[in-house]
Structure formats: C-alpha cells, structure tokens
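Chain lettering (A, B, C, D, E, F and G) follows the sequence in which the chains are written, and residue indices restart at 1 in each chain.
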Amino acid sequence: MRPLDILSGLSNQKILVKLKNGMEVRGELKAFDMHINLVLYDAEIDEGDVTRKFKKMFLRGDMVIFIS
Amino acid sequence: MRPLDILSGLSNQKILVKLKNGMEVRGELKAFDMHINLVLYDAEIDEGDVTRKFKKMFLRGDMVIFIS
Amino acid sequence: MRPLDILSGLSNQKILVKLKNGMEVRGELKAFDMHINLVLYDAEIDEGDVTRKFKKMFLRGDMVIFIS
Amino acid sequence: MRPLDILSGLSNQKILVKLKNGMEVRGELKAFDMHINLVLYDAEIDEGDVTRKFKKMFLRGDMVIFIS
Amino acid sequence: MRPLDILSGLSNQKILVKLKNGMEVRGELKAFDMHINLVLYDAEIDEGDVTRKFKKMFLRGDMVIFIS
Amino acid sequence: MRPLDILSGLSNQKILVKLKNGMEVRGELKAFDMHINLVLYDAEIDEGDVTRKFKKMFLRGDMVIFIS
Amino acid sequence: MRPLDILSGLSNQKILVKLKNGMEVRGELKAFDMHINLVLYDAEIDEGDVTRKFKKMFLRGDMVIFIS
C-alpha cells in the first residue's frame, strides 16, 4: 500500500484535515491529487466560537499536516 | 474528478480565497493554472475597517490556503 | 543501506514521528513513500492534557523532522 | 485566458505589487517571466513616513502575493 | 571532493547534527542520501534537562543545518 | 525584455539588494545566474551603527526580495 | 563569470558564511556543490560568549545567505 491509497479509501467519507496554520477542516472528500490538493464538500472550519461552512472547498495540498 | 476540476466549475463565479497571511480575497474567478495562480475581477480585500477594491488581480498560487 | 530502507524495517511497528510544528504522533506504520508521506494506524497525538486518537492517519512528509 | 496573460495586458502600465513581507511596491511593469519575477520602472515603496524611489527594480517572483 | 563525500567518510562514526528548529542530535551515522536524509543509531537529543534516546532514527534532510 | 535582462544591464554597476531577512547589501554586481545568485565586489551591509565591508561576496538568490 | 566560480576561487581559503538563522560560521572551504552545500575544515561558530569548533563540517546550502 502506498500512502495516497488511503485517501482513495476515504473518498466520499467525512474527513478531518489539520492545516499548518493550526486550522482544522472537516468535510466530505470528493477529490485529491498527488500534491494532496483536496476538494471537500460541506466543509466546516471552527474559528473561535464560530463555525464557518462552505458548500465546496478546494484546499491546497502544501498546507496539509494530516488527514484522518 | 480531480481537484483542479472544481476550479473550472467556479469560473466566472464569485469566489472566496483564503491566503496564508490570513487575508481573505473575494472576486470573480477569471483564470487559474496548475500552480493555483488566479486572476480575479472586482476583487475585494478586508483590511481592518477598510475594504480595498481591485478591478483586476493576479494572485500567486503558493499563497492560497483554500478556495470556495 | 539507504535512509528509506530503515522505514521498510519499521513497517507494521509502532513508531514515533516528530513534526515541524512540535507535535509528536505515535502509531503503527502502514505505508510510506519517497516524500516521507506516512500512513499510521491507531495514531495518537498529545495536545496538552488530551490525547487525540485517530484510527487511520495520512501524514504529509514535508512536516516530518524525525521518525523513530 | 491563463493567469499570466493578465500580466501581458498590464505591460507598460502602473501596477501595485503586494509582497509577502507586507511591503507594497508601485511602478511601471516592464517585464515579467513565468516565475512572476518582475521588472518595474520608477518603483516606489512606502516605508513608514518615507517613500523610497527606484528608477529600475528587479523583483523576485516568489515574494509576490498579488499584482493589480 | 564533493560535499556529500564527507558524509561517506563519517559513516559508522558518531556525528552531531544541528537542526533548523535549534535541536541538536548526536548518533552513529548509518545511512544518508542526496537529500541529506540521515539514519542514526543510538541517537540522543537534549531537551532541556532531559536526554531522549532513540535506538534508530530517520532524520529528514531538509531540517539539517550542519553535520559534524 | 525578460526580467533577468535588467541584471545584465546592471553588470559592473553599484546595486542595492534587499534581502528577505530585512538586510540591505550594496556592492558592484560581478555575476548572476538564473537562480538570482549574485556575486558582489566591495559589498557593504549596514548592521545597526556598523557598516561591514566584504571584498567579494556570494549572495544566495533565494534570499533576494529586490535588486535596484 | 558565473556566481559559483567565485566559490572555486575561495577553495582552501578561510571564508565567512552567514546563515538564515543568524549564525555565522568561519572555516576553510574544502568543497561545494551547485546547491551551495559546503564542507568547511576547522569551522568556528560564535554562540554568545562561546566559540564552538568543528574539525570538519558539512553545511546545508539552503541555509546560506552569503559567503565571503
């Protein structure tokens, strides 16, 4: 198994993405590439007390720390 | 679907771009490339109380965290 | 022996990964590639008093300081 | 249209360049390449109360956030 | 002589590695590659008053400042 | 004209180089390459009250913000 | 003349290397490559009041600001 294979297995599932600026994004994984660029549907980001919601989100791979 | 395909679907639509320095830019997506370099029309950036407006803006892809 | 060979020897074993943001992740090594992207099973991260647990985790290689 | 095409359209015009260190440079765009390296004529940088002026300036592309 | 040749000469010897986050690691050099990825045996890191020990350590090359 | 052409025109002339760490270096431009690596003769750097002088200096291109 | 040629001229001479973390290293230049990786003999680093000495040092090129 190669690391990117785990991402295939997470397709259409709800994932958690931890970003290098400390932010955490939750959403349904719809697409990824070898740069770890991601597309999430129904993404949510907690910013202090507020949860911001985004119907579709493109996330740049070089910001990712981990995906679970 | 590959991640960049979502950007094609956002062409000529109003998008939100979150940058690595914390800035958020809103504008109409007119062009992008595989480096996630973007061209926005009628772009707006909130800087404290002021909203700066730019008719045409080239945004360097390596500054992007997410696009929605 | 090349450096990546040591990672082969650690497959299916419990490893410690130190990340550039200071975080330490423990888990069972299930996959890696030449970018040092990792897949860990049953991963644990200490955040202050809390230990967060993740069944499967994809970890981006450019965040890694060391693996042991 | 590709993103770099907008820079062609800005040739010989006065542009604003926002840099990653927070600096803003204004000047006439005389040349650019695919790394977003720029040449500006009659460039001006605000540093606190002072405006520094440069007849010709080479600006490294990896410092650019946006160009307008 | 090319710079990497000095690392060949240090194989199986005890080396000191200074990392970009200020950490210093000591250990026996068992492997390296052109990215300066290293494998150390019996590695030691001073963290404040404590010395942490690691039987085998993979160290990512892009964290290295110097090796001696 | 491409951006690097302006550097050819500055050969053997006194230039100012602004670096990413805030330092400014002045000196006579003797050589450059496509990475913007520079060689300066009779280079001067202001460090607080002191001006340090260097007969010959190799400057790494990835530290450059602008050259004028 | 290309920038790396100046490094050839400095071979076996005592050089000063300024690093991105503010450190300055002095030593005899024994080898370099196109990544500006360096090998220094009898290297010295000032750390506060103490001067640390290293018989042989491999220095990673991406940490270099300038060499003189």
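Going forward, contacts are C-beta pairs under 8 Å (C-beta built on N, C-alpha and C of every residue); 3 or more make two chains touch, one makes a residue touch a chain.
Since the structure is predicted, the reported quantities are computational estimates derived from the model, not experimental observations.
Undergrad: Both chain A and chain E are touched by which chains?
TA: The common neighbours are C.
Undergrad: With chain centres defined as C-alpha means, what is the inter-centre distance between chain A and chain F in Å?
TA: About 42 Å separates the centre of chain A from that of chain F.
Undergrad: Report the inter-chain centroid distance for chain A and chain C in whole angstrom, where each centroid is the mean of the CA atoms.
TA: Computed value for the inter-centroid distance: 18 Å.
Undergrad: Give, as an integer number of Å, the spacing between the C-alpha centres of chain G and chain C.
TA: 33
Undergrad: Touching two or more other chains, which residues of chain A qualify?
TA: 62
Undergrad: Can you name the chains in ring order, beginning at chain E and moving first to chain G?
TA: E, G, F, D, B, A, C
Undergrad: Quick check on the complex: what are the chain C residues that touch chain E?
TA: 1-7, 9-10, 16, 20, 36, 61-62, 64-68
Undergrad: Can you list the chain G residues touching chain E in their complex?
TA: 19, 21, 23, 25, 30-33, 37-39, 43, 54-60, 62-63
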